[in-house]
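Labels run A, B, C and D following the written order; every chain starts at residue 1.
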Amino acid sequence: MEKQRQSFHDNSLYRILITAIAVAATFLVAIETTRFNSNYHHYIERLELIVFGLLVLDFVVNLFLGQPLKYMHKYLLSFEGAVDLVTSLPFFILLFDLEQFHFLKLILGIAAFLKIARFSDALTIFKDVIISERKSILASLYLMMLLTFAISTVLYFVEKDANPKGFSSILESMWWSVVTLATVGYGDVVPVTALGKLLGALASIVGLGMFALPAGILANGFAQELARIKYITSWNLVSKVPLFATLDRGTISEIARMLTVKRFSKNETIIKQGDIGDAMYFILEGEVEVVIADSDKIVQLKKGQFFGEIALLRDTKRTASVIAKRRCEMLELTSYELKHLIRSRPEIVSKIEKVANARFDLP
Amino acid sequence: MEKQRQSFHDNSLYRILITAIAVAATFLVAIETTRFNSNYHHYIERLELIVFGLLVLDFVVNLFLGQPLKYMHKYLLSFEGAVDLVTSLPFFILLFDLEQFHFLKLILGIAAFLKIARFSDALTIFKDVIISERKSILASLYLMMLLTFAISTVLYFVEKDANPKGFSSILESMWWSVVTLATVGYGDVVPVTALGKLLGALASIVGLGMFALPAGILANGFAQELARIKYITSWNLVSKVPLFATLDRGTISEIARMLTVKRFSKNETIIKQGDIGDAMYFILEGEVEVVIADSDKIVQLKKGQFFGEIALLRDTKRTASVIAKRRCEMLELTSYELKHLIRSRPEIVSKIEKVANARFDLP
Amino acid sequence: MEKQRQSFHDNSLYRILITAIAVAATFLVAIETTRFNSNYHHYIERLELIVFGLLVLDFVVNLFLGQPLKYMHKYLLSFEGAVDLVTSLPFFILLFDLEQFHFLKLILGIAAFLKIARFSDALTIFKDVIISERKSILASLYLMMLLTFAISTVLYFVEKDANPKGFSSILESMWWSVVTLATVGYGDVVPVTALGKLLGALASIVGLGMFALPAGILANGFAQELARIKYITSWNLVSKVPLFATLDRGTISEIARMLTVKRFSKNETIIKQGDIGDAMYFILEGEVEVVIADSDKIVQLKKGQFFGEIALLRDTKRTASVIAKRRCEMLELTSYELKHLIRSRPEIVSKIEKVANARFDLP
Amino acid sequence: MEKQRQSFHDNSLYRILITAIAVAATFLVAIETTRFNSNYHHYIERLELIVFGLLVLDFVVNLFLGQPLKYMHKYLLSFEGAVDLVTSLPFFILLFDLEQFHFLKLILGIAAFLKIARFSDALTIFKDVIISERKSILASLYLMMLLTFAISTVLYFVEKDANPKGFSSILESMWWSVVTLATVGYGDVVPVTALGKLLGALASIVGLGMFALPAGILANGFAQELARIKYITSWNLVSKVPLFATLDRGTISEIARMLTVKRFSKNETIIKQGDIGDAMYFILEGEVEVVIADSDKIVQLKKGQFFGEIALLRDTKRTASVIAKRRCEMLELTSYELKHLIRSRPEIVSKIEKVANARFDLP
């Protein structure tokens, strides 16, 4: 069931189309509220009918083709299904000209933007990070509120006589506090007494330190999660290379840490037959073609595969060319770094040599 | 003594109740200062009597039931006790209608918000981080002050003639400096000379770099402390698994780094009897039930325990189902990752096999 | 030479005094520029004479007693010496009533704040971090300027007709750009055209990402430097314990990572004679007294020393009490964690046991 | 081809000159738009002719001397070449007094600032980090837009009646949203209803957390990249020292982590002949001279070389002085730390001793 829908969402054209429709829907309802609408009302309404019609179409296709019919209710109860359902309602509001639901059309039009969320892996990681950092974020929100309450109460007493408009009550004072602590600083309310200014200055400084904390915590959590994912990916890539089969896990970890990301554009030559080889490559993303001159044999390598590993041991000439079939991301391991790494262990080098020889049927 | 109070605070209902009361107290005194009060004064006062009465009750209960009577003074001298005591005072100010202490009622009402602090573990970590980063934070505060003084003095000389209202003295100039350096930027004072604007622009840039530093330092310290706690927790969990008893500490560290957090909702099936197993789980939070079909035996597993470890070695069918009794947080270790990790050490695999066999009475 | 001055600066009273004098000097010249001065001019001048007199005294003492006389020129050419020298000048400006140097008195008064810098170790680390991250910071400053120039030029063309006051030239436009990109946002210049607002909104978003980068880079560099210092400190502490003499460096690293910072206040009991021991302690800061009941022998332990290591191996009763003589910071290593760590290596345990037995003259 | 141009760009004087010219061009066109221009138009135009003439010269020199003629098209199609080409156009606009291209002259004048980019290595790292973090940054931009749309729509409904000027349409409302969420806060539009203020306050808090995220992600990615580069550099430096040839890679990693950056100014003495040695040094940047008293032999050491390694083993006197020929950056390894590190492995110490003896022809 999930796979069926997945094949949908992996299609680039579908992604671009839905993203464009969602952006268009959002933009149309935003523009509908401007003066611009009075002049071009007719055109805007037509465009809205088309865009919201396409949203209805997407909903219907997803409903009936996205999964076997017996799982239809699961789709409708999922976040995706719910978004698809409600964003197809504006079409009917428009079609039957339901004036009383006009505000709903606006809100659901903006909500169409939520359809884009399903195409991003990074958002899933964001969600995980927010869930796992929820205690820290709640604690810093608590501290922010505590700070806001404290500052507001004090400033209320300090400023209420000299500045009755901005600090007429603790609630009014809170508006100033949040605007100051979050460093927005509209300037519609500003303390006027000397003590109020002193406390306001202190609050600005502490506020910046406290209100920027959640962003820092999230960014750190995010970086750690990405580092963990990258570590596991690199580790798995390196551990699959037969050459390294005899290495212990510590050495594999060290090798994994020495990989460098390289990017190649479409049709770029990564390895040229006849050159002296000095690095091997792991394919992170994309596809390459291994071409041998004067030979019809062309081998295709994909994500997760590797090539050029013989160069790590011997400074021989490359026996084939490797060309990027589309934009590729590679992890590069140079012989220079590997040689340093394993120099102190002659027994490992000889074992690796043995594996390499076996591969090429040498004695 | 501590345990008695702890049992109190671990009760979810008590936590929610106290949090609600504290928020209500804060909200009531904040609303009391608005115009809204003149119309509904009577109702607000009644609500305040009830809310502050409950705060008195909580204080009395904590005082007499929270610990053996002979430790009562310790409670009163603790931060918690002091907060409980002072936040029960507004009740008596209200009861005896002490007009002259009205401002105290407002302040202590806001202070009720402090009662929530005791329920958060994360705040303790925050406190530790602030204490251990105190030198760096003091140093950056010093640099901020230095920057503020320098900018204020220079801007005073540059702007005092053209802009006598905002820069009439170095003290006045400091108000502008802090508001600018902390990027609040009310706009009540703005440099008007060309040189003043140039220096103000430079100050904005340097200010953002300097005034955001403490938040960055705190966020980093916090992330490191959380990572340390997580590392020790994972390490302890992994090292308790009999299967891994023969592994050296380096390998256990590597395994601990490969754990992934998974979350399950109440009644969700984590493992289904008959499925092919490919992962084991450590319970971080929550409780699970191990159920074997056609058998009455139900085993309960709690925080710190683990299950499914046989799947790491053999691709056998699961011999029981495991269901989350409430919202659970698990650490998952997949056989795929473990197999890669220990592939290069056949002697370890055979040792683990031996332990596994012994567990199932196989030859 | 350096040592002589060091002994000065390590004296707490001297530090507090100089800090107070520097703050007072800064405060006095700041207040001298306010209206407050016209009423209390006489008192402020007297206070200034005293405070600046003390600054002269400090300079003279440092000059003649801070080092052997033949190194005097080195002191005068150092940053510290230069600050001491120039901050003693206002005294003479005051004394001889040199009206034409009044502005200099103000500036040098504020500069007195620089005297505090010498007491902070953290500032040295800051300086190191800024130097080693200088390339990244210069590169992000370059990007900021590039962004500022680009935005200013575009906004100049977009807004110059509709908003001639704020965007009359590219230079004027830059003032708006920096104020916006650094998220200060005074509001004295605001784009009014639709395109200007769209570009301004984009600039705000990109600006926040770009202008907050240096703070993030500095905070990260600072955190790494602190982590490196902490790692070396912990490593050195652990490697000095005789019990661990037989461990290889990998295990010592692992142990060092498991240390937890604990703080004890003056006169607090860290270990109580007769309790079951379960942790050892390294003294990071402060001093402790080892007291054995019914014995006059009192041992003093200082920074860098350790105690309680026997508890890591045997669950025996503590043979002495240890009391904090002043505020202490300890690193705690619990037997629980250590036991897990070394469980898999029986040969290590037996070696440690042997060392422990030797220490207590057991067979 | 690349090498030829490289030799150009490595020349300090050329770098400074081009940087100065680029800054001058940017400054001149910025000043040309101010009132200042009306008075000094003649001088400004002359200066522009000179500065833009130099830009033409730089383009011509790069075009004909920067590479063999047959690669000229590659240069013209590169980013550098394109920048050089377009920034030489203003000269001809000036020369032939093409009034209709005046705006182009302004834009290309500002673009001259792009010429400086080629001199910075850090910018390349920035570009790499932005590319590898692109998914996270896109995801957070999506979340920002989602937040902006949601807040704008809600505030439009809440404020449109009470505040028709600032919230007349969803588009107008978005201007306020971005200005608030990015914490710029001009104050030209401010919510006036109680509900609008409450939602605005919440938006400020969430906005700061969300809009500061990209800066945090970039700063973290940047820090990790720098740490990886530093790790590989240190590792390579340490592994090249013959003394450490017998150490396994784990120990070399540990040593690499204990290196401290030290800086020396020109002509400073790093090691003084006759002193007791306690540290060795690796040259990160700069050049040193090894001088032996009463001997004419002077050895020059450069980036990547090392000296003083004997001091790590024996507390002998330094046999030569080492003086920094220009500003140097060194990595220092003290004998104190190394001794602790290898103390637990007597066999390593004896192996190192053997290498050291061989070096000095001792038995």
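To be clear about the criterion, a contact is a pair of C-beta atoms (placed from the backbone, for glycine too) under 8 Å apart; a residue touches a chain by one contact, two chains touch by 3 or more.
Just so it is clear, the structure is predicted and the values come from calculations on it, not from any experiment.
Although subunit A and subunit B carry the same sequence, what matters here is overlap: shared residue numbers make up under half of all numbers found at their interface.
In terms of the distance between Cα centroids, subunit B is separated most widely from D.
In the Cα superposition of subunit B onto subunit D, the rotation angle, rounded to steps of 5, is 180 degrees.
If you match contact pairs by residue number, over half of those in A-D turn up again in just one of C-D, A-C or B-D, and that pair is C-D.
Centroids of subunit A and subunit C (each the mean of its C-alpha atoms) stand 36 Å apart.
Averaging Cα coordinates per chain places subunit B and subunit C 25 Å apart.
Across the assembly, subunit A contributes residues 171, 174, 183-187, 211-212, 215-216, 219-220, 250 that each touch 2 or more other chains.
On the subunit C side of its complex with subunit D, the touching residues are 128, 131-132, 135-136, 138-140, 142-143, 145-146, 149-150, 152-153, 156-157, 168-172, 174, 180, 183-187, 190, 194, 197, 201, 204-205, 207-213, 215-217, 219-221, 224, 228, 231-232, 235-236, 239-240, 245-250, 252-253.
Within the complex, the subunit D residues that touch subunit C are 26, 29-31, 33-35, 103, 106-107, 110, 113-114, 116-117, 120-123, 125-126, 141, 144, 171, 174-175, 178-179, 182-188, 211-212, 214-216, 218-220, 222-223, 226-227, 250-251, 254, 257-258, 261, 263, 337, 340-345. Those residues of subunit C that touch subunit A in the shared complex are 183-187, 216, 219.
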